[in-house]
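Take a look at the structures listed below.
Next come two complexes, and both contain chain A; in the first it sits with chain B, in the second with chain C.
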Partner chain A sequence: MKGSFHLSNALQLEADAVIIGSGGGGASVADVLTAAGLSVIMLEEGKHIPSSSASPSAREAFSAAWRSGGLTAAIGRPPITYAEGRCVGGGTEINSAITQRTDSDLIDQWRKLNKIENFTPDELAPYYERAETAVNASLTPGPLGRATDILRQGGEALGWKVSELKRGQRGCKGANRCSYVCPNGAKQSMAVTLLPKAVDCGMRLLAQTRVDKIRIEKRRVTEVLAQSRDAGGQAVPVRVKAGMVFVCAGAIHTPALLRYSGPRKRIGDTLRLHPTIKATALFNEPVDAHQSRLPLAAITEFMPEQRIGGSIFTPAVFGLSLAEDWTNRGDLMRDWRFCGSYYGMIRPRGVGSVRPLPGFNEPLVSFKLAPEDWIALSQVLTRLSRAMFAAGARKVFPSISGHEGWTSPDQVYEFWNKPLPKGATNLMTVHLFSSCPPGEHQDSCAVDSYGRVRSVENLFVADGSLIPEAPGVNPQMTIMALAFRVAEAALCHSAQERARSAARDIN
Partner chain B sequence: MVFDRVLLATLMPTWPLLDGEEKPAVVTEVVASVSRAIADAPFHIRLAVRSVSVFLSLCIFLISAGAGGPLASALRADRFYTLLQRSPGPITSVMRLYRSMTLLAFYEQTPVAAKLLSVRTTQNQKA
Partner chain C sequence: MQETIQVTLNAPLVLLTGAAGWLGGRIAAALTRGLPEVRLLATGGFRVRALVLPGEDVSQLREQSVEIVTGDVRDMETVRAFVAGAEGAVLIHMAGVIHPKAVAQFEAINTQGTINLLTAAQKVGVRRVIVMSSNSPIGCNPHPDHKFTEESPYNPYMGYGRSKMLMEKALRAEIAVGSPTEIVIVRAPWFYGPNQPSRQTLFFKMIKNGKFPIVGSGRNRRSMGYTDNLAQGILLAAAHKNAAGEIFWLADETPYTMNEIVETVGKVLHEDFGMTVKPNTVHLPSIVAVVATMVDVTLQYAGIYHQKIHVLSEMNKTIACDITKARKMLGYAPVIALREGMRLSVDSCLKNRQAI
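Then we have the complex of A and B:
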């Protein structure tokens, strides 16, 4: 990307603002600040992966663009594997770019719960519009393929609401590589939308630069300390002084960095995610899911509490999904063309935490499901399996190790009235949030209504950490909307106003 | 790496069947790929994987030693893995991690991918 550069010597930089992280949150903040004429430096831990060099191999893509190559999990029973982007563009490079707004009732509920100022659906609407425009939120042209038809058929046969999903795309060619960095630049990720725009406005983007610490003195950030790499791979220290610091490193690394740097209270104590359970459906006719786009319809009848959708499918990724019970399900690989991979996700009541581990790059993440979450997971799995049979599935295999699978619709009620087996259920997520909830409720909110970290006048959070609770939808639009709002508020409030607020904060 | 190789050789799927000269090359590539993936993992995962993999590969080595042939070795290893599925959390998790990475790397190997795509006609006729 033009404007990104590598270093050869130790660097001391100054700017009006520094942004840590280049995903949907960081890029949105950059868009606002550069448009206002501020000098901005963005620090991104990962590499820039141009579309032209995006690998078709999942393992190479995971290694290049996913944090820890995708080997990340929240500790709990069961552990929940999660995925985060670590590259220029962050999570927007490895997600499906689905653009959904959070339900208005939920936004109202969050405003009341956390006492968030100016946080009505109407007040957020312009920010959502800006986010949707930035990524060209639109229906994907052309035939969507059998994998999408299965969801539609199954849902409609049961009389449930099924919605076609808008995405951030421009001329999607159906490469089926959304999770690996789009090879055509058709996915409107941050690396092809807001970041080049900000760089054109003068923003300096330092890729492969990991922030170690934010130095805070007398209620004010004085410096950001980072490590970059020179052309030979040697570590180069980077120090950045800036009037404002925006932490946009995602719901895991934002609280980890903040806690490591000083602020701890209410930070990283309320991690939420969308626990997701998968099921493999075997059909009599070929699905050939690898030849089409990932399923672009979802059963939305039970939203925002539960949603049923489809996953990206390639032979190798399918093989990967069978690893959880290879002894019993390995033979499905022979029928891979006849299989589809679908999921049910819930809006949980359980909560997790994020704690930095001194000396280690990755924090300790844990998540505990609430009893009602187990009921919701049982329900969504039952509903997902009903939909699969309604669409003509011959057999459905829930993501429960050792389970033999269901061969008829009446069998899928096995867990309707009882929780799934905790030790054998396999859960994952790609949606993480709420680790720094905003609001004026100082007992529970890590940051104020506009993302400013309590007791620090010039430190802001602007990413998924800010979403007060699990939204029940793909979070990218909400992350961007809230980040636009944080950046605008930071510009509107003078340094003196912010200093007075920081002094008033209870700590 | 040595431990990875012992372990991964027994985790490699038997289907699709590879030609004589293809198999060693695929195994080498898969081992290299899995080793790289483990090296990228967070420290606490790396630590768990390394500790458990030494134990597992020694078990596999001992189990296979008197088996009398590759097929018998594979069968013994399979039985061992089935037994492990009922073992405490960390061992099962590490096994699954190895299995996941092995399968992902295996099915992305060029000769394997080519064979997967060529089964279409047969499978369609069967259906």
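Then we have the complex of A and C:
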């Protein structure tokens, strides 16, 4: 990408603002700041992967674009595996780019709970619009394929509401490789939308540059310390001085970096995610999910608490999902063309935490499901399986190790009144948020209503960490909307105003 | 300005227990003259009959032309007299004991008393029973950012919680077997509002004197219910067709942190009533609550109930609920929040000549 460059020796840089992370949050902040004419430096830990070089091999794609080369697990019983992007464009390079807004009712609740200023659904609407325009949120043209029809047919047969999902795409060709970096550049991720725009406006983007620490002195960030690599792969220290610092490293790494750099109060104490349980459905007819678009409908009858949808499907990803229990599921690999991969996700009541571990690159992440979550997971799995049978499935295999699968619709009630087996249930998530909730309520909020870290005048959070609680929908639009809002507010409030607020914050 | 919330009860008669109590009195007022302060009005041309304990002050109820039956839910004789001829009626059961003289009273009144009422009500063909429960059967939240839903499992907090849990379980068993009398369970947490009992006035006094014990960080959350908000929820539960067989949490819009509650009351006393409020100095470590809990458990095990120790044991715990279900299904919309609710409470204390 134009504007990114390689480094040879220790670097001292200066800018009006530095943005840490290039995902939906960071790119949105960059869009606002560069438009206002600020000089901006963006630091991204991962590499830049142009769509022309996106690998069709799962192993290569994961190691290039995914943090830790694939899945990481949050400690808990059971552990919940999670995935994060680590490349230029962050999570937007590996997600399915579904563009949903958070339910207005939830936004109202969050505003009242945390006393967030100017946070009504109406006040957020323009930011959502800006996010939707940025990624061309639209219905995917053309036939969506059998994988989508299965959800629609199953949901409708049961009398449930099914909605078609808009997403950030322009000329989707149905490679069904959204989570490997789109090979056609059709997915409107940050690397093809806001980032090149910002770079054109003069932003300097340093890829493969990991921030170690934010130095804070007297309620002010003085500089950001990072490690980059030169062309030969040698480590190069980078120091950036900037008037404002935006941390957009995602719900795990933002709180970890902040805590490591000083601020701790309420930071990383309230991680939320969408616990998701998958099921594989086997049909009589070929589904050929790998040749169609990923399922672009969802059963929305039980939103925002529960949603049923479909997963990205390639033979390799499918094989990986079976690997959880290869002894019992391995046989399905032979029938992969007849299989669909679907999920049920819930808005949890449980809460997790993020703590940096000195000497390690990855922080300690734990998440504890609440009793209500187990009830909801049982419900959503039952509902998902009912929908699969209603769509003509021959067999449904819940993602529970050692489970033999269900062969008829009456069997799916196995867990309706009984919790899922804690040791054998495989839970995962690709949605992480809420680890730095915003608001004026100092007892419960890590940052103020506009993302400024308490007691620091020029340090802001602008990513999924800001979503006050689990939104029950794909978070990208909300992340971008909140990041636009943070960046605008940072420009509007004068440095003096911010210094005064920082001095007033209770330590 | 919001519109008046008009709740139409389709019944010839409304039966009300606990009518001389704190919240019960507000329900009686809502049923008769309405609560103009919160724009709540019950309509339907029904009569109201109240069950009150001997010796309770019934002058208010008389002014509201409420029929009065004197007696106790523990006594089947008076219960039968109370529900006599109540075919098609709606029964709102608010009576209960929270700070008893002895632990044994919890189950006698809260559990058995409710069963007595329901049995008698079913016999005469009462159409619907709304029963007041509490947060106590569900216990304390596992995390300060957790909120209970109607699906949260039972985890009763001591004697009171156990008695209300047994009550709820008996009611749910009736719902499960298809009781012809519809049953609705409503749960409310710590409530506040005008005409509060003197134990709540003590709470204001402690804050004024800077002596309110904040145990731990004070960041633990509490759901609270302003009495007139709860009255609205209870009437909606009585009226709404789909409420039958359901459980609802009722409270203010959001939970508050303990620090916020203490701070808000301090502000009300100072800014709205011009009192001198001493800065709060009593910060106790969490261990105090742990010790109080141990003492409370021991005492309650021995059948002794000590109010202050019991309340202290709960101080550092989060007890927060989510009212989404009531909002979505019943259209419940709490009108008053902490600051205004506390102002009205303090005002009422002063009018009732309770010194703060």
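A few remarks follow.
We take it that the second predicted complex is superposed on the first by the 506 of 507 C-alpha atoms of A that agree within 3 Å, B and C clash if a C-alpha of one lies under 4 Å from a C-alpha of the other, contacts with A are read in each partner's own complex, and residues count from 1 in each chain.
The rule is simple: a residue touches a chain if its C-beta (ideal position, glycine included) is under 8 Å from a C-beta of that chain, and two chains touch if they have at least 3 such contacts.
The model shown is predicted, which means the values in this text are computed figures rather than measured ones.
Of the two partner chains, neither chain B nor chain C is touched by A:D149. Of the two partner chains, neither chain B nor chain C is touched by A:E164. In the superposed three-chain model, the partner touching more residues of chain A is B, compared with the other of chain B and chain C. Judged by the touch definition given at the top, the superposed model places A:E301 against neither chain B nor chain C. Within the superposed three-chain model, A:G402 lies in touch with chain B and out of touch with chain C [touch as defined at top]. By the touch criterion defined above, A:H441 reaches chain C but does not reach chain B.
Shared-chain residue A:A376: touches chain C; no touch with chain B.
In the superposed pair of complexes, A:W336 makes contact with chain B only, with no contact to chain C.
In the superposition on chain A, contact is made by A:S57 with chain B only, not with chain C.
In the superposition on chain A, A:A316 contacts chain B only, with no contact to chain C.
Residue overlap on chain A between its contacts with chain B in one complex and with chain C in the other: absent. On the chain A side of its complex with chain C, the touching residues are 105, 109, 112-113, 269-270, 349-351, 368, 370-372, 375-376, 441, 443-444. Remark: chain B residues 13, 15, 33, 36-38, 40-45, 78, 81-82, 85, 89, 93, 96-97, 99-108, 113, 116-117, 119-120, 123-124, 127 touch chain A in the complex. Of all the residues in chain A, the ones that touch chain B in their complex are 57-59, 62-63, 68-69, 71-73, 79, 284-286, 315-320, 322-324, 326-327, 330, 333-338, 357, 360-362, 364, 401-402, 423. Residues 142-149, 151-153, 218-219, 221, 253-255, 257, 259-260, 324, 327 of chain C touch chain A in their complex.
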